[in-house]
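Take a look at the structures below.
Next, two complexes with subunit A in common: one pairs it with subunit B, the other with subunit C.
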Partner chain A sequence: MSIFTQNRSVRIFIGILVLFTLGVTVMSEAYGTGAISVSFTKVLGMTLCLCLAALAMDLVWGYCGILSLGHFAFFGLGGYGIGMWLMTARTEAVVRANLAGGVIPPTEAEVSQATALQIFSVVGAEDWPWMWAASDSLFLSLVLIVAVPGLLALVFGWLAFRSRVTGVYLSILTQAMTLALSLYLFQNDTGLRGNNGLSGLQNIPGAEAIGQDRISIWFFWASAVALGLAYVAAAWLISSKFGNIIRGIRDDEQRVRFLGYRVESYKLFVFTLTGILCGIAGALYYPQAGIINPDEIAPIASIYLAVWVAIGGRGRLYGAVIGAAVVSLLSTYFTGGRAPDIALGAFRIEWVDWWPVLLGLGFVLVTLFAPKGLGGLVDYVVRKDRA
Partner chain B sequence: MSSLLEVQGVSVTFDGFRAINNLSFQIGMPEMRAVIGPNGAGKTTFMDIVTGKTRPDTGSVRWGDLGHSLLSMSEAQIAQAGIGRKFQRPTVFEDQSVQDNLRVALKKPRGPIAAILDRTTDTDRARISEIAGEIGLADHLSTRAGILSHGQKQWLEIGMLLAQDPKLLLVDEPAAGMTTEEREHTTALLKRLAETHAVVVVEHDMEFVRRLDCRVTVLHEGAVLAEGSLEHVMADGRVVDVYLGR
Partner chain C sequence: MHLLRRIAMSLAISVFLMAPAHAQDASLQDILQTHAEEIADPSRRTVGETLDALVATGHPDLPEFLTRWQSREAWQRDADGLFVYIEDEDADPLVLLDISTGETVGEAGSREVTQLRPNGGVRRVIGGALVQFQLGAEDPAARLDALEAIGNDPDESHLPLIEARLEVEEDPAIHARLDVLLPALLIAFAEDDADRVAAIQTLDGNVSLDARATLNRVLATRRFVGAELPADTNVAAILSPGTGPLPRDEAYAMLVSAELAPARISREDQRAVLAANVVEGRVGGVPVATLNTEAARDTAYAALVAEGLAEPIPTEADVDAALAAHVFFDAYSEPSSIVTEAARATLDNIETRVGAYRFFDLSLDGISLASIYFLAAIGLAITFGVMGVINMAHGEFIMIGAYTGYVVQTLIADYTLSIAVALPLAFLVTFALGVLMERSVIRWLYHRPLETLLATFGISIALQQIVRQIFGTQARPFTPPDWLAGSVTINDVISISSIRIAIFLLGVIFFIALWLILNRTRLGLEVRAVTQNPAMAASMGINPDRINMLTFGLGSGIAGIAGVAIGLFAQVVPDMGSNYIVQSFMTVVVGGVGNVFGTLVGASMIGGLQKSIEWFNPTNTLAAQTYMILFVILFIQFRPRGIIALRGRAAGD
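Right after this comes the complex of A and B.
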């Protein structure tokens, strides 16, 4: 593909991603020395998924100028999509095993009923909610992982862009969207187990005999492949005339419109595409996280997504990836109890509490001293001649 | 000469303020027309109405031989129909090269999918360098538009209009902030364009209008006050009043 020959950053990025994936593999417990624990393999795989979401955020915000503060909603929907299938298939297997001891083999209806009871008794229900209709089919679930976030983005974007809602108003609207979705999912009778969310997602149906050590590295590979493919596709997209046009929309929407382009169609295209990318990222993330609940798509999550891209440097694809990787790994370090607390006599710095302060400080510093983000520093090192 | 754009009895009110008051205007092709008037005369609002940015309360705006109404069309549709607009402040995509600016403007299918699959053909390349030559930016094709001089940006924007291949060009204050030499270039460029296009130039600068040497429409309080040659309108007592103050 010509994108590799034309675009040096794509070659470098893919090279680094391949090396990183190989490095993690040879240090993994399943296929290597075991220097990287299963749980840390999962953290790294999840980080790659967050990088993918940040890449989407960079496309929609950094390149098209739409500051969406709701893209994590699409991420969550992807997670719920795969979660329903995982939970259904896994619970059904357990139920079958339990019923197998009886004298008369259970009917399919009995299995289905028992599975539903098992899943939904926690919210006081015993029947399958309508939104689980496709949950017994992996294929349909995969279709929905793309279709549901895509459709929500399409409808929301169509309404917003058609009315020419822009700037901070659009940001507020997207926050409202993700908040509304989160509150809706919190309700017990929505059908997605309310605040319990979906759990046990790390158990892959049909792979009971395979340990988490191997499953974790498989998901890590899948996440790396998804990020790599999305990166190449995004680089190809923005190198086309389409890329010139959406950057034009970001910088001067009016000019683009008076050149005869329907700005709304372009925004809708980018918004929907990135919504789908976030959905895919979420579907890869939550089997590694093991649990999803409505808190995941609280408004703050989407704001973090924007913060990562801002720190990494918007308007450059590797910037988004760097930002998401650095900030989310630091976040894991500081909030995961790994960072040693600092005793200052009577006062004690506990990093779990101080991490948001540190993040805020980092955000301010980057804004002040590296307005192009951490990705901009890469430019500075790589091509000093162009300043 | 049949009429290309025909504006009939148009009025528009913003919060009780009558920005355009029963305005009628007509231009054929090829023709150069200067629209002058003091601040608040409605010059920019007039352009907004023609390009679809503002919807008038009453009146009609008709386009082309078939007299299609522009009022039901979106900005993008109007632009595609053949009306190009240059803004007062030079608006080019500063982040992108001169070449990319022209490439985006080039008359080609405007949909997202077409833009993704678009390949710059030899014809496109030839057209881009032709336009770049026309606007004096042939040596700056790969220059980032943001670092062009003010005058060069104005030209680039005119070049982007040309790339659209419009029939009518609406040009808002093309000479603002230009050096004398740049003004001469701009005058020559606009005159050349007016040989094959309809060109409406909104201008404050009387000296520049005099150089354009064309028919002049004077707007005042949202209506046409006078129309004719510059000498003719400047001989009109009302025009003098408006410009020199009462």
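Right after this comes the complex of A and C.
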């Protein structure tokens, strides 16, 4: 665990994360004073998942120089992966309860058929699509949450890096990938319930007796643990020789290639690894959100991910986390309708309406005047107290 | 002799010509009174002559009377034999109406008038006369209606009328309809099969929906099952159960419903039978709690069958044997095989031709979609393709162009004029916005292309939200003028809307104009110089700042014009731009950056491809888009620099 002694930011970050988690727990409804409502606990837990996705984005963009505009597709795939299991298990329990009232006990085939009907009648189907084959097993679903985004990232990355698609072309290509995926999911007959998406994901099968207050804090803990582990792993990775090489690729790909490194393999590894991280983040996010639909994977979501990293300051791990946390929490605050409106005589500034304008102009200002993002402020403070 | 005949003929003609003129002067009542007896008490044999005489007068009120007479809504006053209509049959006294003017002519008790009650035969003859009347109507729409009515309810008596009409009809649309209706009637009513086959063959090559429907009616089949093939049926196809159009279950269900085989019991029915026979917690000796497998249920059911409490279920072998013992076939409703064969051959011919037309129609669709993509992407071809700036707000320039069109239309009522104003105005508005954006944001980021992406994305969401604040989220109406609203229809298969033709033309104009600007003007030369090597261009006396500003403005302005065109057929909403942004970037990348020709090729490829994929599954455009994008992703692997790749120094790195 030399990473803790080498890298001060890891110690500080883990310290803050632990304090934050403890603080939320103490103020939660289930284990503390109840100052933080269940729904806000969920918002915080979801924010941690977004931070995890931003961390992955920072690795692939900030450290390896690949501006992917498709990483939210992996996030969504992770969500769909866990969502299929949650929905199947939950619906099956309900169906079993309904069928138990009959004179004759139901056969497994009948239960499965009735469950499928329950889930897919909304898109006019009644059979299990092939992609749900693993949905009755939690273990297989967890494997898929890692395997599906990983495999997609691997295949896509292999194709793209092999033919030396770089820079903005790669960005556009990844954007096309996420658009294709969301269009595919939007179709009713592709097996994932079209634009209805998967819903009721907050109900954990087998935990009906446990209230949402406790489940919400458990997911919060899980998200915090995942973020902490990923942060440590990422810090270890970038402080190793590997980290130097990928930074080299970012700064001058050609030169690293001439030094004899297989640039494509390094890029592919980072791309796939971050794809998997996003998948895991999504699998933790959507049980807290309760619903997932193809809109979540629309190209704009991935752009936002990049923007969070840019605002937080790319090329520094804590920057990504700060960016994601600050922007997504502020957005929740201002668009949630709880921010006070500002009255200017006859004209009234309503935050719900004007927040996107402010946000957009904020992106412009950060890009123009603070290329290092909010993380740059940290540099400023740190340097000051050393001096 | 000759002379005599001539005189007789000219006399006859003049009488014929003058008769209607006289009739116009005489009231319908007078004319009817000359045939009063026959009308009051018509007979099937003689009413024809009377009707001929009536029709020959050509009186305008006659159709109305014939219709009423036919449907038993005309009356005769007993006192003076006056023909009248009645306002309300249930009223007392009855109010009598004049048959020409509809004015009240008096009142009468129900015993003082007699209803005209022609029998079925007479009514059919009246109907024939009526059709003849309508077929000769002045108004083409009325004639078409009459043909429609005949088509829906054909009768043998219509045949000579249609034949006669075909000789004199001049309206091309009605003539086309007659060309199909005559064979349809011949097929239905001709006595001789050879005549019917000849009628079928006259339809060859006619791709209209009516012609195809007529032939399909001849080829209508019903599905039968029997122990053996009947000798006298016109069999279309013999089916083997379990293959192709006849699934095994469906075939067996046919046997069951024809009472040729015992019913199979579904799992659900089996369950119901079991549930009905629970005795002391057991069914057929099997405990209820263990009935949660199919095997256990089958055992219990078999026990019930043995006790005689349930119907035996045919085994799979029984089913196979029953299916094998019977023959399944589709038979034509039409008994004559010569006729059905002729119809099949003709229809196959027509379908081949329809296929060719469909392909042509699809190509038109593809071209039109390509023009839309081209139009949406052409601005990007300049800002991204030539300058290398990733402008995520490009879609918003399109959107602003469309809203400019909408605003102009609210100010100028004339649609044509408003579009003529909107096109240059949209260019000016977006040109100004583009220049403003370039001066304030983009010029600081020329060496950081990925950050341009983020900054312009910020601008894009801000612009979108501002427009949403001003105009609201609901779609704004931006209506094309009438001359753009219709469509050009070549036949029942090929048609294209005028607006798509206009967009295609606009695309062509843009392409030529831009190509000329970039390759044949001083500005184009300087643009190319600055994009290739700004420092060298600057040392040659070109002001790169000015050129960049103008180029970006030009690209944005073109996006604005494209927005006006797109707004005419798409919904004008604040986020309409985001529908085009990814496709536009793909178009430019696929075509190859740095030249307008590449964008044209890229748009053609993407549009054509999407339509060809739709060909396989026309209902699912989402799927077509998905596969099109996948194809583009794969395509880029093999040509990372696009179809038209720049070489040498122009390529930059």
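We adopt the following convention: the second predicted complex is superposed on the first by the 377 of 387 C-alpha atoms of A that agree within 3 Å, B and C clash if a C-alpha of one lies under 4 Å from a C-alpha of the other, contacts with A are read in each partner's own complex, and residues count from 1 in each chain.
In the analysis below, a contact is a pair of C-beta atoms (placed from the backbone, for glycine too) under 8 Å apart; a residue touches a chain by one contact, two chains touch by 3 or more.
Because the structure is a prediction, the values reported are computed rather than measured.
Novice: Once subunit A from each complex is brought into register, does subunit C clash with subunit B or fit beside it?
Specialist: They fit: once the shared chain is superposed, the two partners occupy separate space.
Novice: On the superposed three-chain arrangement, identify whether subunit B or subunit C touches more subunit A residues.
Specialist: It is C that touches the greater number of subunit A residues.
Novice: Have a look at where A:Leu237 lands relative to subunit B and subunit C in the superposition and call it first, second, both or neither.
Specialist: Only subunit B is touched by A:Leu237; subunit C is not.
Novice: With both complexes overlaid on chain A, does A:Leu142 touch subunit B (first), subunit C (second), both or neither?
Specialist: Neither subunit B nor subunit C is touched by A:Leu142.
Novice: Classify the contacts of A:Leu259 with the two partner chains as first (subunit B alone), second (subunit C alone), both, or neither.
Specialist: first
Novice: For A:Ile245, using the defined touch cut-off, is the partner it touches subunit B, subunit C, both, or neither? Pick first, second, both or neither.
Specialist: A:Ile245: touches subunit B, not subunit C.
Novice: After the superposition on A, what does A:Leu117 contact: first (subunit B), second (subunit C), both or neither?
Specialist: Once the two structures are laid over each other on A, A:Leu117 reaches no partner at all.
Novice: Taking the superposition on A as described, I'd like to know which of subunit B and subunit C A:Phe269 touches: first, second, both or neither.
Specialist: first
Novice: Could you tell me the angle at the CA centre of subunit A between the CA centres of subunit B and subunit C, given to the nearest 10 degrees?
Specialist: So the angle at the centre of subunit A is 100 degrees.
Novice: Given the touch rule stated above, what does A:Val326 touch, subunit B (first), subunit C (second), both, or neither?
Specialist: neither
Novice: Shortest C-alpha to C-alpha distance from subunit B to subunit C once the two structures are superposed, in angstrom?
Specialist: Nearest C-alpha atoms of the two chains are 6 Å apart.
Novice: Determine where on subunit A the residues touched by subunit B overlap those touched by subunit C, and list them.
Specialist: Touching subunit B and subunit C on subunit A: no residues.
Novice: Could you pull out which subunit B residues touch subunit A in their complex?
Specialist: 51, 74-77, 79-80, 84-85, 87, 91-96, 100, 103-105, 110-112, 115-118, 120, 160, 164
Novice: In the complex formed with subunit C, which residues of subunit A make contact?
Specialist: It is residues 67, 102-110, 156, 159-160, 162-165, 167-169, 171-173, 175-177, 179-180, 183-184, 186-187, 189, 299-300, 303, 306-307, 310, 353-354, 356-357, 359-364, 367-368, 371 of subunit A that touch subunit C.
Novice: So in the complex, the part of subunit C that touches subunit A is made up of which residues?
Specialist: It is residues 267, 271, 274-275, 278, 283, 288-289, 291-294, 297, 388, 390, 392, 441, 444-445, 448-451, 453-455, 457-466, 468-469, 578, 582, 585-586, 589, 620, 622-623, 625-626, 629-630, 632-634, 636-638, 640 of subunit C that touch subunit A.
Novice: So in the complex, the part of subunit A that touches subunit B is made up of which residues?
Specialist: 237, 240-242, 244-245, 247-248, 251-252, 254-263, 265-266, 269
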